[in-house]
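Mind having a look at this structure? Questions to follow.
Each chain carries a letter (A, B, C and D) given by its place in the written order, and its residues are counted from 1.
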Amino acid sequence: MARVTLLYFASLRDAAGAASETLESAAPDLAALYEETRLRHGFVLPLAHLRVAVDGAFAAWTDAVRDGTEVAFIPPVSGG
Amino acid sequence: MARVTLLYFASLRDAAGAASETLESAAPDLAALYEETRLRHGFVLPLAHLRVAVDGAFAAWTDAVRDGTEVAFIPPVSGG
Amino acid sequence: MNRFGIAAEPIDIAPLRARLLHERAGAFAAFEGWVRNHNDGRPVDGLRYEAYVALAEAEGERIVLEALEKFGALDACCVHRVGDLPIGELAVWVGVSAAHRDAAFDTCRWIIDEVKSRVPIWKHERYTDGRSDWLHPRQTHPTDSGG
Amino acid sequence: MNRFGIAAEPIDIAPLRARLLHERAGAFAAFEGWVRNHNDGRPVDGLRYEAYVALAEAEGERIVLEALEKFGALDACCVHRVGDLPIGELAVWVGVSAAHRDAAFDTCRWIIDEVKSRVPIWKHERYTDGRSDWLHPRQTHPTDSGG
């Protein structure tokens, strides 16, 4: 089990009802962590539309979930 | 004979030693007017490098020299 | 100061432009994104931008440095607003100085394109019919968002 | 006021930009040509611009209107300095507002290119070795003059 803090932005934050939450997860990688989070909060965005960041830097979905990290799911951006 | 005022700019003005001059010319068209002016002042720029304007609007070298007009020989421009 | 910033207050352009003045620079190009009164045919009341600030600043900085490397401009900087913005408000500013105008234009265009497609900033539009939406374009095309 | 002007005094950018603000505009692009400290490898002290003002204003106005027609931007304007300019001084300013950034960038680039190739304005450069020259390029290429 890894203890992680999840950050939610934009429509994901609205759907989760929170900007962040800290939880324990047994997900083997970041992709699995997103899938379990998506089911729990009813996110409509599929993983293929997102990017993921760990501790403020972009990461790969196949990266392991490391204990004590901050994971951000990045929905499609719309700045500019 | 047509009485015309010639306007000189940039290197043509330096070569002519004047910003304008008024004279009588028997030149049949603006090209001939430039050629006689070029010989008189020793302009180095050939006609093919210039444009010509009459009374503040671009004109064609084959236009006749009209009495009472203001003719400007436009050397290659370098604004910007 | 860094070359990319997230601003919670209205952007003051003059000092940003002044930073880019350089005796070797013959050309300067700037882009501004303004809040429009419509998007995709829907009348817009105003909008809110939200950013993942730490990552946005790191990614924005990378974009500006990549652009300078790629096109050989002398200097560039970019600032993006977050918070509530009324119609007409400045949302993003990009400025580039270069010896010649090719590099200035190309760098400026590339930076705004990359910022729109890579930097974690999200737009929340309020429509005049009372509804509102987060914009999550699947892919950013030059004509489908903001400016 | 017209959309193209010749200015004998330093150009004040803020009111020119303000004229272009529009609720339908999501994008604004600007170009500035600055006096560089070198040209074609020669160190430059400063320069003088001279114009055939009546024709320059008429031709400049035509360029801006042609550009708006061609690219569909909302509005644009351009001002070019004449007189003696020190290094770093603003020589020409172009601003364009449009719904989207493609039109803003394309219009801005086209206007400065056309102004450089069509408007009767001439540059007289003073070099640090004491010599000076009128610039009469046979044809204007994007990288051979000023910015």
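As a working rule, a residue touches a chain if its C-beta (ideal position, glycine included) is under 8 Å from a C-beta of that chain, and two chains touch if they have at least 3 such contacts.
On a predicted model such as this, the values are computed, not experimentally measured, just so you know.
Identify the chains adjacent to both chain A and chain C in the sense defined at the top.
Joint contacts: the list comes back empty.
Just how far, in Å, is the C-alpha centre of chain C from the one of chain B?
So the centroids are 49 Å from each other.
Please compute the C-alpha centroid of chain B, do the same for chain D, then give the distance between them in whole Å.
26
Where the CA atoms of chain A average out and where those of chain B average out, how many Å apart are those spots?
73
Would you give the residues of chain D that are in contact with at least 2 other chains, written as numbers and ranges?
Within chain D, residues 33, 112, 146-147 contact more than one other chain.
Which chain B residues touch at least two other chains?
Correct list: empty.
Throw together a list of every chain pair that touches.
A-C, B-D, C-D
Hey, which residues of chain D end up touching chain B in the complex?
33, 49-52, 54-56, 58-59, 80, 91-92, 112, 115-124, 134-140, 145-147
Applying the document's contact rule, which stretches of chain D touch chain C when the two form their complex?
Contacts found on chain D: 21, 23-38, 87-88, 97-102, 104-105, 108-109, 112, 142-143, 146-147.
For chain A, which residues count as touching chain C in their complex?
Touching chain C from chain A are residues 7, 9-11, 14, 45, 49, 53, 56-58, 72, 74-80.
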